[in-house]
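Paired with subunit B in one complex and with subunit C in the other, subunit A is shared by the two complexes that follow.
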Partner chain A sequence: MSTTPAFAKALDRVTRVRGVRGAMVVSGDDGLVVAEQVMEGIRGSALAALAASLAHRLRRAMEAAGVGTSVFWHLHCDNGALLVVPAATGVLLVVVAEAEVNVGLVRLELLKAAEALP
Partner chain B sequence: MTIRAVEAWTVAPLTAYVHEAGARLVLLMTPAGQVLAQSGFARAVDVMSAAALGSAIMASTTELARQLGQPPFAALNHQGDRHGIFLSGLITGRGPLVALVVYDLDVSSLGLVQLFFEQLAGELRDASPKDGAPKQVLAADFERDLGNSLNALFGR
Partner chain C sequence: MDEVRTLSAQLAQDPHSLVFLRLGELLRQKRQLDAAARVATLGLERHSHLADAHDLYARILSDKHDYERAFDEWDMTLRIAPTHTGALKGLAFLYFKVGDLAQAQAHLAAAKRATPDDPSIDQALALLRTAAVTPAAARGDNERPAEPAAIAERVEPLPEAQVFAGLEGAQEGLLLLDAAGLVLGGALRSPAGENVTDAVAAYLAGVSQEAARTAKLLNLGSWRGLSAEGGHGHVHLTQPTPESLLLVVRDRAVPLGRLAVLGNRAAQAARRWLERQ
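Here is the complex of A and B:
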């Protein structure tokens, strides 16, 4: 998939972090891949669709709980992690990483990348 | 959500698809508009209309692609304010089929509908009888066949 320079730059800064196996920009409403840089073996379209679905449900849960909008979420699994930052434009920045990744650093880069998105 | 089917092999794959993709309505039919299974429709007239319109759209886009010298379009998606409509062809042992899916944007998304559609197509291909395409519907038998199908689809 070709990637526009702005998205490529955002994904570059995230994928530079050690332990990150892939990053993608996902359309939050549709669950479709906008841009991606992922290692072989990661099903980008499946990840995009399911991450967007999860983000949608989380948003509704947070609205119901009255705690505002989601800024960052991190799912820690046995063999890896999923980290997501919703950007202001309605897209999601999604990262797949190894379990031992520096979550703080990925979070920082994700938030900076989300701010820089067009 | 209850799946009603004229052909039983479609039930398990469609049940899984409706559940996983969060589809509101699903219609599985031949390119000629003969319905094999449906989920979510309450009235026979809606099934007949949707089947006729869905198969007409597939025929139109296939012809459009032919005029452009292209292979047929893989899928068509139309998104409204609250609902999306996804229409796609698939190949089974029973011959080419068409699936029409309507989903609520609050519940599902195009990404989910497409993702699980790939799975649905594979499961239908595996489950389908391998005895070739369905017999042609003759004009003389059309009304009886239509009546039998609607009885199966609406449990009459």
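Here is the complex of A and C:
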């Protein structure tokens, strides 16, 4: 998978946060991997498809509820978390993290990284 | 009777299963107290360290007006599970019954700490406050405490439509769905006041399965909640039971972390409501 410098920079930024196991840029429309720095043992393509599908459902539900489009979302699990920021360009910045990660810090870095994307 | 037969058959098939708890409670609710007591004591023989089994037997004994033994069983429940809400409410009822309002209040306060969003505890506390300021003679009960109909489980169950009764935003920002996206309770209104319950429910159908698949793919265990920040508000999703999905919606003034706390409280209320159905 080729990674453009802008995407690589965005992924570097978020994967530097302690507790982040990996990150990827996903096309929000079709759920394909655009760029990734994902940990071993994870099927990036499957994760990208699921993250995009969840993002799509959430976006529709949130728009219907009148709370606007999703800025950031966080799937809390027993042993870790999935954190996602949709960027203005239509891609999703996706992070897989350990349970003890500083979610607030990852959120900030994701939002900054998303802003910096072309 | 069909459910009694079904549960009895299940218990006969697997005498060590915990189905005796449901069967005993069902028989108690049907006022078949002797049969309920037999089921509870047989269950206790096999599960003598199960707090819920002692609590069940105590409720049956209380219904049979055997308050002394009910007290012992609830006392045993608390020795096993010190924050068991049912036992705390049960003991509060018994203390109320003998006129010891201070002990009744202390036990209800402990129950409230264990289960902060149980509206029946608030009702019981309100009744206690009334009893405390109203002399017995003025109540016309000849020195005997009033029958504490609102204490413990004698509190009327919530109407079915009020799954989130007592919770903030019960009819505008809380929604309980089944796995197919059908509304079980609560309602949602958009910031403009429009009822958006059905539309939101339809879009959320399938979210549980996808969240579970994602968690499994990543070896993250079970998913516990999904918090999302929108341009004009925040949402939190959680699963009160494996077959249901709860959505909490608030404006942006409510931080995501607090929304998760609200969601967990609403999920407890939803679980209790679903168990009663």
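The rule is short, and it goes like this: the second predicted complex is superposed on the first by the 118 of 118 C-alpha atoms of A that agree within 3 Å, B and C clash if a C-alpha of one lies under 4 Å from a C-alpha of the other, contacts with A are read in each partner's own complex, and residues count from 1 in each chain.
The working rule: a residue touches a chain if its C-beta (ideal position, glycine included) is under 8 Å from a C-beta of that chain, and two chains touch if they have at least 3 such contacts.
Note that the structure is predicted; figures quoted are calculated from it, not measured.
Enquirer: Does the subunit A-based superposition show subunit B and subunit C clashing or fitting?
Expert: Here subunit B and subunit C can both sit on subunit A without a clash.
Enquirer: Quick test of understanding: once the structures are aligned on A, what is the angle at the Cα centre of subunit A formed with subunit B and subunit C, as a multiple of 10 degrees?
Expert: Superposed on A, the angle at subunit A reads 90 degrees.
Enquirer: By residue count, is subunit A touched more by subunit B or by subunit C?
Expert: The partner that reaches more residues of subunit A in the superposed model: C.
Enquirer: Would you sort A:Gly19 into first (subunit B), second (subunit C), both or neither based on which partner it touches?
Expert: neither
Enquirer: Can A:Thr69 be said to touch subunit B (first), subunit C (second), both, or neither?
Expert: The answer is second: A:Thr69 touches subunit C but not subunit B.
Enquirer: Quick one: is A:Ser53 in contact with subunit B, with subunit C, with both, or with neither? Answer first, second, both or neither.
Expert: Both subunit B and subunit C are touched by A:Ser53.
Enquirer: Going by the contact rule set out at the top, does A:Asp29 touch subunit B (first), subunit C (second), both, or neither?
Expert: After superposing on A, A:Asp29 lies in contact with subunit B but is clear of subunit C.
Enquirer: May I ask you to decide whether A:Ser45 touches subunit B, subunit C, both, or neither, giving the answer as first, second, both or neither?
Expert: first
Enquirer: Could you grab the smallest C-alpha gap between subunit B and subunit C in the overlay, to the nearest Å?
Expert: 9
Enquirer: Let me check the overlay on chain A: which residues of subunit A are in contact with subunit B and also with subunit C?
Expert: 46, 50, 53
Enquirer: List the residues on subunit A that touch subunit B in their complex, please.
Expert: Those in contact with subunit B are residues 26-27, 29-32, 45-46, 48-50, 52-53, 56.
Enquirer: Using the touch definition up top, name the residues of subunit B that touch subunit A in the complex.
Expert: Listed in rising order, the residues are 79, 105, 108-112, 114-115.
Enquirer: For the complex, give me every residue of subunit A touching subunit C.
Expert: Residue list for subunit A touching subunit C: 41-43, 46-47, 50-51, 53-54, 57-58, 60-62, 64-82, 96.
Enquirer: Quick one: which bits of subunit C touch subunit A in the complex? Just the residue numbers, please.
Expert: 188, 190-192, 194, 196, 199-200, 203-204, 206-207, 210-211, 213-215, 217-235, 247, 249, 251, 256, 260
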